[in-house]
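Both of the next two complexes hold subunit A, though its partner changes from subunit B to subunit C.
Right after this comes the complex of A and B.
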C-alpha cells in the first residue's frame, strides 16, 4: 500500500476505511493499476523519480460526502487533491501537485442541476463536462450555447477555476469571468455559498455575481482554499446567425494598425470573438496546407523584410491575417463585416475574404460536417490532433505542455515578444512547437503560446523543462507573466509574481494557514504551500 | 503511467495478448449499452469527420488497409480494447474507473467486438 509522505501505514489504512464508509469501498482506489489512472498522462516527468503519484483516490457522489471526507482527512492529516474531470491535459492532469496526496475524484458528481433558458444561466457540479452540457442542451432543444475550451471532455468548473478560455463572445469566453455563484467545501468540512447563494432562498444566485460584502470567489480559483462542489455560469443565447471573414495585409508595418483596429472592435464589441494574428507568410496560417516550394525556400533562407514583402505582394501571401467572427442576425453580422472591411480597408492594400455563414439551429448532420466547432459553441477534441499522427507526422507525441505568457495587445508587444524568444531559442539551441503568434483570448491582452511535446525520453523532457523555466524567467524580465501552468512549473511561475518581496504570496500563505491550518488541501497548487511544507517545496 | 508504447502490427491486430478474447455472444442490451459508452467517451476522437484525432491518426497509420473508424473494425478484441482504455496511447490519455467503469468497459468491448470475425 502506498502512503502519503510522513504518514504510517496504519493510520492511513484507518483513514481509507473511514473514506470507504462514506463513499463505499468500490469508490476508494488503492491498487497500483487503479492509481496509474491518476497520473498525469501528459507528465513532463514521465518515468522519473519526481513523477507525481497519488497514494489513493476517493470518489464521492455528493457535497455531503465531500464534507465527510474533508473532516476525516483533517482528523488524520491526510493530504487531499481534488480533481473535477482530471483532463486538464497540457496544464496538468489527474495527478496531485504534492506527490502522495489522496486524489479526491469529483467525476461522479456530474449533475446538471439547473439550466435556465430564459435567463441563459446554468448550475452544475464539477464532474459535468462540456460534452455533457452540450448533450443536455441538444436533447432538450434549448436555445443556448456553451463557450467551449479545446478539450470538450473538460469540466466547466475545473476549466473556470483554472481561468481557462474559449472561442465565442468576450463575456463568455473568459470562463472564470462568466461564472456566477459557487458552493465550496472548506478544508474543515464547512460549507460556504458565495454571491447571492449566501442568502437562503435567494432567487438570483446564478444571475447577480457579487452578493453582498467582500467578493471572495477569487480565493477558490488557481488555489487551494476549498473544494468547489457547485458553480453557476452565464451562457450565451443561441444567435440567429454566425459569419466569419478574413482580413489580409501585406507589409510588415501593417501589423501595428491591424492590431489597433482589432482592439478597437474588440473593446467596442463589434467583433469580440476569439481570434489570433497569423502570418501566412512567415509561419503559415493555423491548419493551412504545406507552403509552396517557393515559400518554403524563402522561409529557409529567411531573408530581410523587404524580400519577404516583395514575395507577399507578388504571390498574394499575406504578411499578416486575422479571422473575424460575428454573431447576431444575418443582417447584423453582414453589417458588422461590412464595417470591419471599411475600417481595416484603411490599411493600404488590405484584402478580404468571406468565410463561413451559418443560421441556427443546425441539424446534427450539419454539426458533424463543421470542422471548426468551438466558435459555434460545440465541444470537440479537435485540438488533440496537434501532435497526433498524420501523413506528415508519422510518429505521434505523447502529449504536450504549453507556455503561454500574457502580453499587451499591441503590435509593438507582438514584435518584441517574437524577437525576444526567437533570439533566445537560437542562443539556447531549442525549437518549441507552435506558431509564435498572438492569440486573443482574454480581453485587452494577447497570449503568446509556445508548446513542447511530451516524450518518453527522460533527457528530452528534462531539457524541455529546463527551457520552459528559462522562458518563464525571460518572460518575467520583460513584464510578461504566465496566466496558468502545469504542476511542474507552478512554483517557478509564482516566483515571478514577486512585487514587494513576494507580498502576494505572503498574503496567500496567511490565508492558507487560517483556512487550512493542517495544510491538507492541494498542497503546492499554484505555488501556495502549507506552513509545514514551505521549506521543502518541490521542483 | 503505463501508456501503451508503440505497438507491433500483430498487437494492433489484436492477436498478441495471450489468448485472444473473442466476444462472447453478448446480449443486445449490453451491446446497446456499449454503443452509448462509445458515443459518450470515444466518438469525439474515433467517430466520423475530419476533426476526430483518433480516426485521423488511424487513417495515417493504416492508409486504408484497416478501417480508421473503430466501429468499422472487425479485428478488435476485448483484451486489446481494455489495454488501450486503461493505458492510453500517444495523445490518448487513459480513462479512470469514475469515467468508464469496469461494467461500462465490458459493454464497450461487447459493442466494438460484435462483428468480430
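Right after this comes the complex of A and C.
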C-alpha cells in the first residue's frame, strides 16, 4: 500500500477505513490498477522518481460526504487533492501536485442541479462535463449554448477554477468570469456559499455574482482554500445565426493596424469571440493544408521581410490573417461583417473572405457536419485526433505542456514577444511546438502559445522542463506572466509574481495557515504551500 | 461511474460475457466476451482488413474517423450508460487514448493492446500486451502468417472472458504483406469490464 509522505501505514489505513465508512468501501481506491487512472497522462516527469502519484483515491457522492472526508483528513493529517473529472491534460491531469496525496475524486458528483433558460444560467456539480451539459440542453431542446474548451470532456467547474477558456462571446468564453456563485467545503469541513448563495432562500444566486461584502470567490480559483462542490454559470442564449469571415493583409507592417482594429471591435463588442492572429505566409494557418513547394522553400530559406512581402503579393498568401466570428440575427451578423470589412478595409490591400454561416437550431445531422464546432458551443474530442501522425506531424508526441504568457494586445507586443523568444530559442538551441502568434482568449490581452512535447525519454523531458523554466524567467523579465501552468512549474511561475518581496505569496500563505492550519488541502497548488512543507517545496 | 467491485457484485459483468464455446476443436472450450462494436478507422489499410475480418466473423464493425466524438456521443455513451459493453478496434493511438479514458468512467479498462509500428525497413514491429494465451496465440500466428491485421481480428473476436496472467511479446512481421501498407503506428485493442482473473 502506498502512503502519503511522512505517514505510517497504520494511521493511513485507519483513515482509509474511516473514508470507507463515509463513502462505502467500493469508493475508496488503493490498488495499483485503480490508482493508475490518477496518473498524469502528460506528465513531464514520465517514469521518473519525481512523477506525481496518488497514494489512494476516494470518490464521494455528495457535499455532506466531502465535508466528512475533510474532517477525517484533518484528524489524521492526510493530504487531500480534489479533482473534478481529472481531465486537465497539459496542466496536471488527475495527479496531485504534492505526490502521495489522496485524490478526492468528485466525478460521482455529476448532477445538473438547475438550468434556467429564461435567465440563461445553470448550477452544476464538479463531475458535470461540457458534454453532459450539452447533452442535457439538446435533450430538453433548450435555447442555450455552452461555451467549451477543446476538448470538451472536462468539467465546467474544473476548467473555470483553472481559468480556462472557450470560443464564443467574451462574457462566456472566460469560464471563470462567467461563473456566478459557489458552494465550497473548507478544509475543516465547514460549508460556505458565496455571492447571493450566502442568503438562505436567495432567488438570484446564479444571476447576481457579488452578494454583499467582500467578493471571496477568487480565493477558490487556482488555489487550495476549499473544495468547490457547486458552481453557477452564466450561459449564452442561442443566437439566431452565426457568421464568420476572414480578414487578410499582405505587408508585415499591417500587423499593427490589424491588431488595433481587432482590439477596437473586441472592446466595443462588435466582434468578441475567441480568435488568433495567424500568418499563412510564415507559419501556415491553423488546420491549413501543407504549404506549396514554393512557399515551403521560402520558409526554409527564411529571407528578409521584403522578399516575404513580395511573395505574399505575387502569390496571394497573406502575411497576416484573422478569422472574425459574429453572433446574432442574420441581419445583425451581416451588418457586423460589413462594418468589419469597412474598418479593416482601411488597411491598404486588405482582402476578405466569407466564412461559415449557420442559422439555429441545427439538426444533429448538421451538427455532425460542422468542422469547427467549438465556436458554436459544441463539444468535441477533435483536438486529440489533430495531434495524430500526419505528413506535417510525422512524430506525434505523448502529450504536451503549454507555455502561454499573457502579453498586451498590440502589434508592438506581438513583435517584441516573437523576437525575444525567437532569439532565445536560437541561443538555447531549442525548437518548441506551435505557432508563435497571439491568441485572443482573455479580454484585452493576447497570449502566446509555445508547446513542448511530452516524451517517454527522461532526458528529453528534463531538457524541456529546463527550457520551460528559462522561458518563465525570460517572460517575467519583459513583464509577461503565465496565466496557468502545469504542477511542475507552479512554483516557478508563482516566483515571478514577486512585487514587494513576494507580498502576494506572503498574503496567500497567511490565508492558507488560517483556513487550512494542518495544510491538508492541495499542498503546493499554484505555489501555495502549507507551513510544514514550505522549506521542502518541489522544484 | 461504478466500481469494478460493484460491477462484479451486481452481476453486470455476466451480461457482458458470451455464452458460446470456442468453435476451434483444438482449443479448450471457454467463454468469450461479446464485443458490442469493433471500431475501424478507414484511413488505414490494416484497419480495413481488420474490420473486414471482424465482419466476416459476425462482429459489428463500425467505421469511425480518428476523432471519436460522434462514435462516443451518439453510440458508446448511451450504450455504456446502460451497462459496460466491451469494444475492440484497430485504430490510431489517439483514438484509443480517448476511448480508454471514456471507458474508465464505466469500469472498463484496456484488456489487450498491440502496438503496430511500420519500420523504415518495411517490416512491422508488434508489441503485444494482454492475457498470455491471447498474446502467445497471436505471436505464433504473426510468425507464420503475414496477415497480421486479420489475425488480430480473429484474436479479439475470441477474447477470453476470464483472463490469465498478463504477458508481453515484441516481434516483427516481414515486408510485403497486405497489412503493411501504412506509416507510423497503429494500435489494436480490447476494452472491457474488469473481471476476476484466473491463473493460467
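Rule of thumb we're sticking to: the second predicted complex is superposed on the first by the 533 of 539 C-alpha atoms of A that agree within 3 Å, B and C clash if a C-alpha of one lies under 4 Å from a C-alpha of the other, contacts with A are read in each partner's own complex, and residues count from 1 in each chain.
Simple rule for what comes next: contacts are C-beta pairs under 8 Å (C-beta built on N, C-alpha and C of every residue); 3 or more make two chains touch, one makes a residue touch a chain.
Bear in mind the structure is a predicted one, so any value in this text is a computation, not a measurement.
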Fit or clash - subunit C, subunit B, common subunit A:
clash
After the superposition on A, what does A:369 contact: first (subunit B), second (subunit C), both or neither?
first
Between subunit B (first) and subunit C (second), which does A:380 come into contact with in this model arrangement: first, second, both, or neither?
both
More subunit A residues in contact - subunit B or subunit C:
B
Pick one for A:427: touches subunit B only (first), subunit C only (second), both, or neither.
neither
Touched partner set for A:94, first subunit B, second subunit C, both or neither
first
Could you tell me if A:107 is touching subunit B, subunit C, both of them or neither one (first, second, both, neither)?
both
Between subunit B (first) and subunit C (second), which, if any, makes contact with A:37: first, second, both or neither?
both
Considering only the touch criterion stated at the top, classify A:456 as touching first (subunit B), second (subunit C), both, or neither.
first
Identify the partner contact of A:46: answer first if only subunit B is touched, second if only subunit C is, both if each is, neither if none is.
first
For subunit A, what residues appear in both contact lists, the one with subunit B and the one with subunit C?
27, 29, 33-34, 37, 41, 59, 87, 107-108, 131, 153, 368, 379-382, 384-385, 387-389, 394, 396
Hey, which residues of subunit A end up touching subunit B in the complex?
27, 29, 33-34, 36-43, 46-47, 51, 57, 59, 85-87, 89, 93-94, 105, 107-108, 127, 131, 152-153, 368-369, 371, 373, 379-382, 384-385, 387-391, 393-394, 396-399, 456
Where on subunit B is subunit A touching in the complex?
1-3, 5, 40, 44-45, 48-53, 56-58, 60-61, 86-88, 90-91, 93-99
Residues of subunit C touching subunit A in their complex?
1-6, 65-70, 72-74, 77, 92-95, 97-98, 101-102, 104-105, 109, 183-185, 194
Contacting residues of subunit A [partner subunit C, same complex]:
25-27, 29, 33-34, 37, 41, 59, 87, 107-108, 131, 135, 153, 364, 368, 379-382, 384-385, 387-389, 394, 396
